[in-house]
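One chain, subunit A, links the two complexes that follow: it is found with subunit B in the first and with subunit C in the second.
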Partner chain A sequence: MSAMLLNKDKWPEFVGKLAGKKLWAPQADGDAVHFAPVADGEVPTLDFRNTRVPPKQAVFPQTETMYRFQLGTEEMELPELNEETILLGVRPCDARAMTIVEKLFRWDIDDPYYLKRRELVTLVGLACNEPGLNCFCPSVGGGPASTEGLDLLMVDLGDSYLLEAVTAKGEALIAETKEILDEAGADSAKEKDRIISEAENKIIRTVDTEGVPAGLPGLWEDPLWQRVSAACLGCGTCTYLCPTCHCFDIQDETEGFEARRCRMWDSCMFEEYTLHTSGHNPRPARRERTRNRINHKYSYYVDKFDVIACVGCGRCSNLCPVNIDIIEILRQVKEAL
Partner chain B sequence: MKINENPYIPYVATVEEAWFETGGERCIKTFKVVFDDETVRENWNHRPGQCAMIGVLGVGESMISISCSPTEGKFLRFSVMRMGNVTQALHQLEPGDKMMVRGPYGNSFPIDEWQGKQILTIGGGIGQAPLRPIVEYVKANRDKYAGLTMIYGARTSGDLCFKSEFDEMSKCDDLSCHLTIDVEEEDWGHNVGFVPQMLLDLNPSPENTIAITCGPPIMIRFVLENLKKLGFADEQIYTTLENRMKCGIGKCGRCNAGGMYVCKDGPVFSYAVLKDIPEAFA
Partner chain C sequence: MDLEQLRKTAAEIVDRDDVKYLIGWKQGSFGYRVAPSFVEDAAGAAELIFSPLCTANLATYLTLVEKLPVPRGQEADDRKVALMVKGCDSRAVVQLLVEKGIHRDQVIVVGCPCPGMVDPALLAENYPETEEPAELKWNGDGFLLIRGGEEIKVARDELLAEKCRLCRYPNPVISDISLGEAVEPWEPVEDSGVIEIEGKDIDGRSDYWEEQFAKCVRCYSCRNVCPLCYCQDCILDRLNPTWVNRAVNFSENTAFHIARAFHLAGRCIECGECERVCPANIPLGRLNRKLAREVRDKYGFEPGVDPEAEPFQASFKPDDPEDFIL
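After this line comes the complex of A and B, so read on.
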């Protein structure tokens, strides 16, 4: 792994050198920050805590065309997926989420859309010097400078960024920008360690997952599910904003004879999600749906893929309109075990 | 991306025959379909218990049991109850029309492991569709199985599927067919009563027997109870589940019962596994 230094004065130049490819970076939009394409000549500032919506949309768009067809024919046309994209400023939790979701999209049958987009995207991460209030990544296997899923990690050292290549794609980015980078010395590595350990100390919320994956299904009828879901509005925010939520619906859209089959994000918190055509619903109320959401992330996914499907980004807790807090749910789970 | 590497792209099939099994608002129509592409036709290899995503372009897809055994020939059969948008559109299909099919999906009945055993199927209503491939498979491999007993019931005689196939069966010694309907009808020469009760009345021995049941949830619940009363071990009992599905390949999330995806880990489960899945009977 080669480590280089990028002086912040040269940041615009660095961005300029990447301009041949499509660039996405966090950008302010009202009071939120979103990943959005960077306009030609613009230089994004990486002054943000985290984006409101995770960058999962770069590999798993909210709505995507699976194939197009003309009504009345059986000719199906696949979308061309060939645009390489560089995402600048991906937080380590969000990159790690992609590696977790990828396990499912590779499970037995490959999902061609997800895997192709994943291949086309280069993730340039930015370590978290200032974690958010509800961040708890170390509790679920991550950390403010985790490199899992990233191609390149940047650490803000104040006047400069420390650049560490993680993959061949990251190495290539360093090679392309070499002339404006400086070799990083041992003092930079030391400074990084200091900043990251300080960041770790700023993470105040924790969950104790010991025994949770195995024990959760045993709490099936526990009154805690009623308690933690009583306030739920069923709005689906927790799942839409979750970097590991991958559930989707498939719908046909037609306009005249032009038609497409597309998939779009869906949410296990919606009643229609599991509703049978007969009217029967195996998860009829928010209690069952909340129970499924927590079980899926903290037990079922662990059974199947050996990893908790939560990266501790805190978005679901930050943005739930009725303040349902996953950390508190897990505390109650732990207590009930 | 090549089309044939994309699991979401259906194969084109042509409806060869179509007929109504039952009438009424929720009528059941059976389709016999053949793949247009010869390679697909020759290489398609499903096992009893598996399903396929079938649909109409522009409307959508539904997961439907493949209701024929591979021993019957190079075609597929689906028996579809008219329920929602997709099944409504499927019901419009007539011989010569195109149906989109992808699959086969899911696990299957471990029918080869059952060789040498007595097979007991217990079906209700449209629940006979996934059981029919077992019946046909055993019929085609009669020397390999000790015998087959089929119990099948519906609300009325008009709600029974595959009726024309039963006459032949009841004539064979090692293939016995027991039909029942909920309420007495004129000229009904078979049993009257609910399926779980008929099971108790027939009193089949659990010895060297595998019981497979499918039907409405309430029927399954009582059949399981009665099989236990008759002394069947959990490992001797199988059922097949259904849930709302979109992808059919374990990605879209919704069909799970506990930690099991019905589309991939199922739809076939032994009761030994099922009894520990919290949502299995939800």
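After this line comes the complex of A and C, so read on.
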């Protein structure tokens, strides 16, 4: 693994060298930040904590056309997926989430859409010097400089970024920009370690997951679920903004004779999510839906794929309109075990 | 407001045999957060607060609660629900009564005269949120922020929420039990948000909303938080026929937001919750306030102030101006 230094003065030049591919970077909109395509000639700044909507949308778009067809014919047209994209400034939690979700999309069948997009995207990570208030990535197996899922990790050292290639794609990116990079010395590595350990110390909130995956099903009828879900509005904020939530619905949409089959994000917090055509709903209330959300992340997924489907990014706690806080829920779960 | 009085009153209410629970606000799990609280006993009542952070309009829970089938041999729990309301929230209760969405004898309205709420996003921007729960109080003409042992005086204008700057009803318009003294209403400011958009030409408006609606992720938090979006069968959830496609794009998102805005015309009581909860920062308040203003200016109708009023969209007056009909 090669480590290089990029002086911040050369950041515009670095971005310019990547311009052959489609670039996405975090962009501010009021107090929110979103991943959005970078316009030609524009130089994104990496001054942000984390984006509201996670970069999962680059590999798992909210609406994905699976194929197009004409009503009354049997012909269908598959979408072409061939645009290589570089995501600049992906936080380690969000990249790690992609490796977790990928397990599902490789499970019974290989999902061509997800895997193709994953192949086409290069994730340039940015370690977290200043973790957010509700970050708890170390509690669930991550860290402010975790490289899982990333192709390249950048660490902000003040005047420069330390670039560490993680995969062959990352190596290639370094090779492409080599002429404006400098070799990183031992002192840079030391500085990185100092910054990252400082960042780790800034993470205040924690979750104790020991015994949770095995114990959760035993709490099925526990009064805690009523307590933690009483205020739930049943909206999709927690799930849509979650980097590991991956549920989708498939629908056909027509306009005249033109039609397409597409899949779009769905949320287990919506009433219609489990509504049967008979009118029966096995998860009739927000209590059951909240219970499912926590069980899926902290128990079912662990059972099936041996990893907790939560990366501790804190978005659900930050953005829930009624302060339903996953850290608090897990504290109550732990207490009830 | 005297918190002791609030907690004592709440404890008395939930002690009654005919009351299921009281819905109020309590300190949230971190920072400036305040959480809705469903109080069933004295211990729960002791956690209640009323502060400039109690922005959430709890009236939405009157209709949000699921009515599950009652198991054989059991009777439905139709005890009353007590609800803490600010001025704006109380208008939602009145509008629900007008529409017969709730019955008067099902609700005990606990009125809280409101000197104005802060804008939580602005607060967090100016005074970064810390893990430790912080307290905010009304303090003379402004606010007092108590955070980590430190007391910070903040001017009212610095943090007052937009909906409160525009507020015309700080005192509850309906209440069974009133807590604290009525507040002196203040002069509402001009609605600069709506005026800004009215000042644009058609293309400008279209561009503005295109940019806004393109950000929508269709989490429906605006619809779900809205105390007056309570249709059991929402057109957005309908699949047959599909009025609004599930695809998330400008066109479908626009259909969603316009449909919602129209369904709220003459019903929206301007509590600003839709805008507060939007994770995509879409200024939905501007849209709904524009329609509220049209209804006010053109028909002299103000929703949510008179429980005996006829619903606006179900009423007709022979002398309606109708000057927009060619």
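Observations on the model:
Rule of thumb we're sticking to: the second predicted complex is superposed on the first by the 337 of 337 C-alpha atoms of A that agree within 3 Å, B and C clash if a C-alpha of one lies under 4 Å from a C-alpha of the other, contacts with A are read in each partner's own complex, and residues count from 1 in each chain.
Definition applied: a contact is a pair of C-beta atoms (placed from the backbone, for glycine too) under 8 Å apart; a residue touches a chain by one contact, two chains touch by 3 or more.
The model shown is predicted, which means the values in this text are computed figures rather than measured ones.
Overlay on subunit A: subunit B and subunit C fit together in the combined arrangement.
After overlaying the two complexes on the shared chain, residue contacts for A:Asp303 are found with subunit B alone; subunit C is out of touch.
When both complexes are overlaid on chain A, the residue A:Gln251 reaches subunit B and subunit C alike. Touch criterion met: A:Pro217 reaches subunit B, while subunit C stays clear of it. When the two complexes are overlaid on their common chain A, residue A:Asp108 makes contact with subunit B while staying clear of subunit C.
Once the two complexes are overlaid on the shared chain, A:Ala19 sits clear of subunit B and of subunit C alike. Look at A:Arg286: by the touch rule set out above, it reaches subunit C but stays clear of subunit B. In the superposition on chain A, A:Thr274 makes contact with subunit B only, not with subunit C.
Seen from the CA centre of subunit A, the centres of subunit B and subunit C span an angle of about 90°, rounded to a multiple of 10.
Of the two partner chains placed by superposition, only subunit B is touched by A:Glu74; subunit C is not. Superposition on the common chain A brings subunit B within a closest Cα-Cα distance of 6 Å of subunit C. The interface of subunit A with subunit B overlaps its interface with subunit C at residues 249, 251. Note for the complex: subunit A touches subunit B at residues 66-67, 69, 71, 74, 76, 78, 81, 104-105, 107-112, 116, 217, 220, 246-252, 254, 259, 261, 263, 266, 268, 273-278, 280, 282-283, 288, 292, 295-296, 299-300, 303-304.
Taken together, the subunit A residues at the contact with subunit C in this complex read 29-32, 34, 52-53, 62-63, 133-134, 204-205, 230-231, 233-237, 240-241, 249, 251, 253, 262, 264-265, 267, 270-272, 284-286, 317, 319, 321-325, 327-328. Every residue of subunit C that touches subunit A in the complex is listed here, in rising order: 28-31, 33-38, 56, 60-61, 64, 66, 68, 121, 124-125, 129-131, 215, 217-221, 223-225, 237, 239, 242, 245-249, 273, 276-277, 279-281.
Those residues of subunit B whose C-beta lies close enough to touch subunit A in the complex are 1, 3, 5-9, 12, 57-61, 83-84, 87, 98, 100, 217, 242-244, 246-247, 249-254, 256-259, 264, 278-279, 282.
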